[in-house]
Structure formats: C-alpha cells, structure tokens
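Following are the structures in question.
One chain, chain A, appears in both complexes that follow, with chain B as partner in the first and chain C in the second.
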Partner chain A sequence: MLDVTDSPDSPAGTASALRSPLLRRPAQPTLIRAVVIVVLLVFVLFGLPQLLSLYYVDAMTQVAVYAMVALGLGVLVGRVGLMSLGQVAVLAVGAWSAARLLFGTGQPYPLVLLEAGLVTMILGTVLLLPALRLRGLYLALITLMLAGAVTVVLATLNFPNGGGGFSGYDGNQTHIPPIRRPSIATSDPAYFRYSVLVAVVMFALVAIHIRTRPGRAWAAIRQSEPSALAAGINTTAYKLWAVALASFVTGVAGGTYAGAVHYLYPYDFPAYTSITILAVVLMGGAYNLWGAVVAGLLMQLLPALLQNWGVSNDWLTILFGIGVVQVLTTAPRGLADQFPKDMAKLGHLLMGLVRRPVPAAVPETTGGETP
Partner chain B sequence: MPSWQNFQPFIVTGLALGGVYALSGVGLVVLYQATGVVYLALGAVGAMGALISYSLIAAGVAPWLTWLVCLLFSGAVTLAYGMIFGPLLAKREPLVKATATLGLLLVLFGVMDLLWTTSSGKVRSLTFPTDGHGFSLGNVNITWTQVIGLAVGIAITIGTAAFLRFTKLGTAMRAMANDREITATLGVPVRRVEAAAWLGCGILAGIAGLLLADMVALDATTLTFLVISSLAAALIARLRSIVLTFVAAIVVGLVQNMLVPIPALTSYSNMAPFVLAAVALLLISRRRVITLSREEA
Partner chain C sequence: MIEVSGLTVKFGGVTSLDNMSVTFEAGTCGLIGPNGAGKTTFFNVLSGFVRPSAGSVRAFGDDLLSIVHFRRARWGVRRTFQTEQAIEELSVYDNVALVHEHAGQPRASRRTDVLDAISFVGLDVDPAGLVGTLGAGQRRLVEVARAVVGRPRLVLLDEPAAGLPDAETESLAEVIRQIPARTGALTILVDHDMSLVSGCCETTAVLDFGELIASGPTAQVLRDERVVRAYLGTAEVA
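This part shows the complex of A and B:
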C-alpha cells in the first residue's frame, strides 16, 4: 500500500501514469503487502509499548511526529522537486496553533489537530503562493528566508503557556500548565499509540494523493514543467496543492508534537533542524513513503540510542552531513530504495562465495596447471 | 520614535556588519559564477576557522599567526570540498549542488559542537586589539574594528571587481560564468580556475568568520547561520553583480541594525535579511518565462 515507487527519472513511468492508471506497472502482490503492513502496525501499536522502556516509548512518539514531517517534506522534494529548507518553521507553526487552541478551547484533540493542520496549510500556501513562479534553487532559498522570518516572529510571540490574548503567552506566569493530551491517551504509551494512528492517517492521505490524479500531475511536473503545462495540467494549482498537503501534514505533526512534549519553547525549533530534516529525508529517500519512516527513525530513534550509550549526538550530525553528500552524489533515491538493492547485492556476493569452490575445483582437476 | 541621536551608533554597527556581509557575499557570487555552486557552508567554515583561532590564542600562540591559520583552514577545507565534490556534481542542477554543501555544513557543525561544545554554557569571545581603540565622530564612538569591517568589505569588492576585469584568471572566471563548455573548448583549464574560485571563497569565509566572531559572537550556530545575511545580499544582486552585492549587503546591515532602536521593531530586526531577500527573490521572478532548461538563475 505504502510502497509507491514511481521512478523519478524514467519517462516511461510518467507517460503511462499520465495516460491511464490501467497502464501503470502491474501491482505487486498487494494482499501480501497489506498483510505485512497490518501485522507491522499491530506490532508497533501493541507490542512495542510493552517491550520498550518509557524512554524509548517517548523516542518512538517523536519518531512518529518526525515521520510525518519527513512525509510532508517528501511530498515537496519527491513529488514537485521543492527542497524546502524551512520545515521546522512549518512544524513550529503547527505546534503553536495547536497549543493555542488546546489552551484556549476545550475542543477534542482530533479536531484541534485538524485545525492546526488547516491553519498551517493556509499560512504555508499564502506565503509560498507568490514564490511558486520560482523554481529549483531560488525556490529552495526563498523557503529558507521565509522560515527564518517565521522563526523570528514565533520567537518574539513566544509559545502559548496558558496566558490570554492572541499570543496566549504570559511572561509573568509562575505556574505553567502543561499542554493537554487527548483524554483517551494521557499516559506515554497511550499517546505513542495515538501518535502512530495519526501518522498512519497522514500516510494514507498522502498515499491516496499519490495514487490518484494529483500524484500523476506531480509526476508530470517533476519530469518537466513545460511539458506538463502543454499536457493541460494546471501546474501552479497542483504545485500549490502539494505545498498545501505538505503544510497540512506538517501542521498535524506539530499538533502531535505539542501534546507529546507538554511544554513548547522557541528553542525547540532551531533553524539547523530544518537542514537535518532535509538531510534525513534525502537519506531515507524522498520518492518512497517508507523513506519517511526511515527518516523519522534516523532523526529521533538514533539520537535516543546514542544518548543511552553515552555517545554525543554530534557524531550523528556529522553522519547526516556525510550521508546527504553521499546520497546526492551516488544514491539519489535514498536508503529506502538503496538498502534492499545493497542487501540483494550482498546476497548475490555471499551466494557466489558459497558456490565458488565447486566451479573453482573443476579447472584444477582437469587443467593441472600446478605441478 | 527614537531621535536621530539614538540611531547614530546603530548606523555605525550597520555599516561595519554590512561591510562583512559584503565580503562574504562577494565570495558567494564569485564562486556561484565560476562553479554554479551556492556555498551554504560558508558561515560554518568561517565559524570553525574562528574557533580554531580562539583555541590557538588560548594556547598562547601569537594572534596574527592564529588569524593566518584560520584563513588557511577555511581556504583548505573549501578547496578540498570543491576539488572532491565539484567534479562529481558538475553536471547536476544548481539546487543539488547547493544542497550538497549543506552536507559540509552539517559535518562542520557536528565537529564544532563536538570540540567546542556550548552545552556547558561556556561563553567564548574573540577580540581584536583594534576593539579598544577608536575615535569619536560627533558623539558616536567608532572602533577601528568597525572601520576595518567596512574597509575590508569595500577593498574586497573593488579588488574582486578589478581582478575579474583585468587579470587572465578573472577573465577565465567570467567566461566560465557565461558558458562552461565553450570555455573548456577554448583551452581554459576549467578545473584550475574553479580551484582558484573555491580557494578565494574559502579565504573570504575565513576573514568574515574572524570579523563576525569579534563583532557578533563566537558561537557556532550564530556564525553558521549568519551566512543567510550574506546570501540575502547576494540574492538581491541576483547572484551576478559584485557591486550590487556590496550595496545590498550595506543595505541589509543598515536596515537590520537601524530597526534595533525602534522599540516596536527591536525583536523583529533579525527578520530584515530574510524579508529583504524574499522580496528580492519575488521581484526576480516577476517576469519569469517557463523554459525547457533545467538551469535556474
């Protein structure tokens, strides 16, 4: 279900995708895949919280949040070729809106998540609408600039801490109430399950988009904007759609994050995290929905593991830096795509090593080169 | 509204910072023109150079020697990156080239945080002997460091413009900016010209790193992301004109600092580079025509 790997550079894939869904690559054994996903999901929802300590349950909640962030960025990078350098600002906007709504109203949590997503979506599209004429490098750089501006505004505005007014921030507050969680998921393991379910809904939303008309339009735009235009695709509308979808998903992730951490501060969203997110998305693979899961694990589980082992997180930053250069130079489709191939290669190699003695013995007995 | 008196010191700091933004902005433009790479790791390289300089001074090495080491370090790292990854990515679109430099940024950032960790709350500073001396203009005190900031910016701008205009290497760089393939066909040693651009950009990064470490703060994160201000200037100049980059850098520096004395806008002053660059980018795109070429800019 989730494995939507339409090739980024094969023209045949796009052309057929444009013509009719019937002409696309025949589906893999979908039933098996669906069963695997369901089993995996059941394990993650019910097995993991039992097996892991609270420390790792919290880390896995963050993995769910960042998998959503990576999913949003994956839509931008993998579908319309927009390398956003400011996803943390989008996440912060989502978290801010959710926190404000959670403090200000008694609405149920899913509704707040939806609204946070919508607020982020509107803000994201409004800010990027004038920039959509730009492409490539300039578009990436304008996201960097806009994110920088949004970060400054949020740092000045501060995150809601139960105060009144628009900002919901009261600097004189002595007792800061925690941001509430949904009533059905107040404990950490329960909130972990809740976050995973939210993430699953978001992944399904994106998967549906990729499978249907917008996904095909994005594939055409990524191949060549002029030809997409010539084929009658409203490129601006579909690009904006991708931005809207990505902002929505990231906004929902922000809302989930707000409940996970209980307290929000501007320094939770440093600018360099945007770069780390882009790095892990590129490493995980932006063309593949599994890549977003890999990215979430890289971004949040690895640091938790390293911290537990007493290794500095800086090694991870260095690793991501090397990883992003490596991915860009040699494996443009990321780990989610590269890893199975590497494993297959390794398998062949091992098989070859196992088999080798048999054919190697043949020339020795018949040739008799060694006296 | 604050009076003119309140603005005066901020005009001075704005001009000084603008000068430094200009010199790294010029580095960005020259490198982009010669190689097609927007060097986003410029700030990180300079920051690490400044931190090395700081550690050497703490170890008792003569300051001028440590400044030299800083320039050598940033030049060498930049050159090495350019020589290894430049050819590998030469045929890719500008976006990929720029994104790859983010990899270098992350590596340097990780190393800096590892070696000069900030989590212990230790505040470092790098000072020049020129900090304490200066003169008064009206009732504003101006330090020689601030004068140096602006002067170096002007000197580098004029120097680079003259270099591109009058020297053989400069002409080759301008030719590469026009068309890499044709330039190579004409017998210009493309790789060597690119190497010169990388080295020059790296050294400028080192100078900017030292000056900003003194003027702003010796902190890995701050210095790494100050590249955005220079980038803003370079983008306003559409990554083309060096003189325009200088003017834009001065404007960015001035606007950013002159917002500080206005109470309502103080906390938004750091938005200035972002907003100016975003507006400039939008103006660039105003009359864009969709073309088949993958190149942008």
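This part shows the complex of A and C:
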C-alpha cells in the first residue's frame, strides 16, 4: 500500500529516522503469500490439466474467463461503489471485437486480446459516461437496460463467422470456420493454461491499480464523495478510470472467451446473466481479489459439477438466491474474506482443545466455592 | 486573508447565509453560532460544494469561488468534516498521502511531509496500520493530519472536538493552536466547545440564522450582548 518509490531522494537526516517505523513492517506474511500464490499457480497450470477430464478443463477455462469478469465488476462495486448490471454486454462486446479481429487479421492472439480490451474500454466508458451521475439502484437499472440493448443489437448484427464487411457475418455460409486460438495453445489443456496466464496478468494489473494512486482515490470516493473532493480528487475522472479499467479487463475476458468456445452466438450473452454475475461477485467478495476467483468458480465450476451429477441447473438459481442472502447477512465482505477467518477460528478452537484438555473442570470447582 | 462580501446562499425558500460580509485576518479564527446558523454551509461554499446565489470570497487575493471544487485542495483549501471521514481500509500513511498526492504536492517530499504531519498532530501509531483499527480520537487526528499536510493556505475545521473526551480535546486544542505558526495557513474553527474556541482563536465571528451578528477579538465577541442572547444563552462564559 505504501509509496516506496519516492524514498531515496528525501533529506537524509530526519528522513531515515522517520522512515524506520515503516521499514519495521512485517515482511514475512507478504513473502508467505507470494510463495502460496506461486505454488497455487504452478499447480493450476501443470497439475490441474493432468488431474481433470477434458470436461472439467473446459469448465476451468470458463472459470478463468469469469474470474476476469468478476474482477472487473469487483473494481466497480467493491472499490468505487458503482453497481453495474451490464457486465455481460461488456463481455459480449469484447468477444465480438476479438472475433472480428481474429477473422479479419492475422495478428498474434495477445495483440488481439489487447485490442479487444481497448475497444471495449472505449465503448464501455462512452456508454457509461452519461450514467456516471447516477448511483446505486438507478445506475444498476440503466446498466441492465444497456445490456438489454446490446443483446438486441447483437441479435441483428450477429457474431462474426468469417464473412466480410464491418460485421464479418455471412448468413449464407455453409461451412463456418471456428474462431482460432493462439498457435501455442490449440488444445484444450493448453488453452486453459493460456487463459489462466491472461487472467493472472489482469489480476496483476488491477492489483497494481489498487495499491497505487488510483486505488487510494477510489477508496476515498467510496468512503464519501465530498471528502474525496475536499482531498483534491477529481472524482469524475477517477470513476471513469475505474469504468475504463473494468471494461478493459472484461473485454480481454471476452477475447479469451471467443477462443475458448470457437463459435459465438448472441444467445450466449443474455442480459439476465449480468444479475448472476453480480450475485456471485457479492458472494465471493467484491472487496477482495480472491473474491473474483471464488466468483468465477461459483459461476462456472458449480454448474458444470451439477450438470455432471445430473442435477438440473435451475437449482443453481435457487442456490445463488439463498447464497446471496446468506452471505450478505453473515459475511458482508464475501466468502473470500470470511473463509480464512472461519478457518483461523476453527484452528484456534482445535489448538485450544489440544492444549488444554480439562478447562471445563476449573469453573465448576470455583463456582462451588464462592457461595 | 479571507474577505467575504455579500455572501448569500439560498436552498429553495430557506436563506442559509444572508448577505454575510466578514474578514478573517490571519492565525486561527473562530466561527460560532447555534445549530442551523449556516456555519457548515459557509464551509461548503469555501469547499465548492454549494454555489452561493450572490457574493464573493477573495482568499489571499484569489477569487476562490471561480476555482472548481476538486482543484481547491491544490490551491490550498483543506477541511475536516463533522462526521469523521478517515478511510478505514487504507493505512494511516495512505490516508494522509492521498491528500498530498492529489493536492499537487511534489512526490520527492511526500514521505517526509506525510510522516511529519502524522507526528505533528501527535498521532503515536504505526503509519502502516489500518485506520479501521484506530479509536475515534485517533481518527480525528488522522483527519487533522490530512488537513495540514503539504502546503495548506486555508484550513477549515468543522467541529473537530465533537464527541471527544476532555483530555483528547485538550491535546487537540494544542495541535490547532500550532497550525498557523507551523503551516502559515489561516485556520477557521467551528465548534460548540467555547473553551476550545476561546483557547485557540484570537478572533471570532458569530452567525445566527445566516446572519453575521458579531466579529472581532474573541473575548470581546463572547461578551457581546447579542451573541449572549442568540447563542450562549447565559452570561456564563469559560
């Protein structure tokens, strides 16, 4: 969280004395956290594809995509306090742009992802520009309407299927070519690894934002807009910045999605999915980057599991409904925040049981003596 | 020097400030009056949250009202709020540093300036600790640190002692007294605690129903008959 870059050129005498309390900050937990992340990442990249069937590898690719979507929405909801119900439309715009570029040009995949992200960023920001004066329920409603509008436009425009012109759609095509994947990641497990790496880059991008100037500005805006203005923060510009970042990340997710599924259809992006996305983000925890991972798992792995077990996906709607109510009442900061705390509590409880096996006997005897 | 002339603020049919003209010279100036007298409205005009229907404010020769609200921190306006607004999820350091970085202060001096401000207000905590873990009194001090960091020219303190126990008010008063000498800023203090106001402010202005009813040296103002009748109630003054 600290600005470490500006320390070297501060005046020597007082500065070193002043700096010392900051240097005493514990470095241990950060190190442990970094090691845990690296180990986890290595396992996900190399262990998971070996352990899982192709069915679940595909599901995990979707988890990576939706973790990015949740990450973007987490920036809006968790950092700045902007409720958006239009994220699925943003995802669709990203997927559309990537598909158009992949069919129309021979550019390398990472470049296409970057461009799709930028196109989505511009469109998302422009679309939300007038809505930024609104907050809460009204903003949510407007974004839901925008998502609906985008769905309608996509239904007429269609997704590119190798045709010419702006839309890249040819309705008379008999053989529809699949959307290509990067040449280094054509198989499903390889594309899964590719998606995870893309997601890691996006998470790093957001993490950097949160730990530096924009992150502090967002925190101030979420606390109180007048107070942020009084601190010299251009609240409109920083809100736009958050929207731009969220749209960029979601656009890249859309590009990743395009390669994952090979064929895109307008009905892949129904407006109501946005509500599910918001629900899983709230359940996972909008204030925590891990919450986005949890949200991705809830959104894509859970349905895959249920389908494999032969349980109807309609149960999911009920499950998410109960889940949101449950999480908002008992753990308002989400599962990613609550789970470690619960584990720590459980750990303390178990440790207590192991260390002091007879604590119950003590109050009984003292209780008997006092009267 | 802040010269306010003919300042009028109307919310619908309510006149919150009525043709207020007053000059705040230098040092720490008090602004007192009963609830609803327009003190916070006056601060909100200076912060740019409220647009007056008439009047002007010249601050050190600049037309303050022509500056866009978020640029006023850069100019040098700093303030605290009646309800404390320190950001819980950020560290003490980041809370203060964000004002420094958004008020256009040089990056090179950020660390020293921020730590300086934290120690100036007498906040004896780990700067890397989260504000969410601090008590109410310490959060007030974080807010004051935010108001004095960098180069403030006009510091507005809106009831900084509200809800604080006497001992903490005492040490806060000590900090407030030192602000002008340390930063060179003009400080305007709004509070209901008369001992705090008379202990900190050389001059004091009194508002009642949006009207300025007195201004001048604090001791003299607190003896003024109109002030006693409108605000203090009895002649008993600390």
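Observations, loosely collected:
One rule holds for everything that comes next: the second predicted complex is superposed on the first by the 314 of 371 C-alpha atoms of A that agree within 3 Å, B and C clash if a C-alpha of one lies under 4 Å from a C-alpha of the other, contacts with A are read in each partner's own complex, and residues count from 1 in each chain.
Methods note: a contact is a pair of C-beta atoms (placed from the backbone, for glycine too) under 8 Å apart; a residue touches a chain by one contact, two chains touch by 3 or more.
These numbers were taken from a predicted model, which means no experiment stands behind them.
Put simply, more of the residues of chain A are touched by B, taking chain B and chain C as the two choices.
Judged by the touch definition given at the top, the superposed model places A:I275 against chain B, while chain C stays out of reach.
Of the two partner chains, chain B is the only one touched by A:R133; chain C is not. Of the two partner chains, neither chain B nor chain C is touched by A:A304. When the two complexes are overlaid on their common chain A, residue A:P226 makes contact with chain B and with chain C alike.
Once the two complexes are laid over each other on the shared chain, residue contacts for A:L45 go to neither chain B nor chain C.
In the superposition on chain A, A:L118 makes contact with neither chain B nor chain C.
Touch criterion met: A:N234 reaches chain C, while chain B stays clear of it. Under the contact criterion defined above, the residues of chain A that touch both chain B in one complex and chain C in the other are 224, 226, 229.
Per the touch definition, chain A reaches chain B in the complex via residues 81, 83, 85, 130-131, 133-138, 140-142, 144-146, 148-149, 152-153, 155-156, 224-226, 229, 270-272, 275-276, 278-279, 282, 312, 314-325, 328-329. If you check the complex, the residues on chain B that touch chain A are 38, 85, 88-89, 92-96, 98-100, 102-111, 113-114, 221, 224-225, 228, 231-232, 235, 267-268, 270-271, 273-275, 277-278, 281-282, 284-286, 288, 290-292, 294, 296-297. Chain A contributes residues 1-3, 5-7, 9-11, 14-15, 18-19, 21-22, 24-25, 213, 216-217, 219-220, 223-224, 226-227, 229-235, 287 to its touches with chain C in the complex. Those residues of chain C that touch chain A in the complex are listed here as 47-49, 69-74, 77-79, 81, 85, 87-91, 93-94, 97-99, 101-104, 107-112, 115-116, 119, 126-128, 146.
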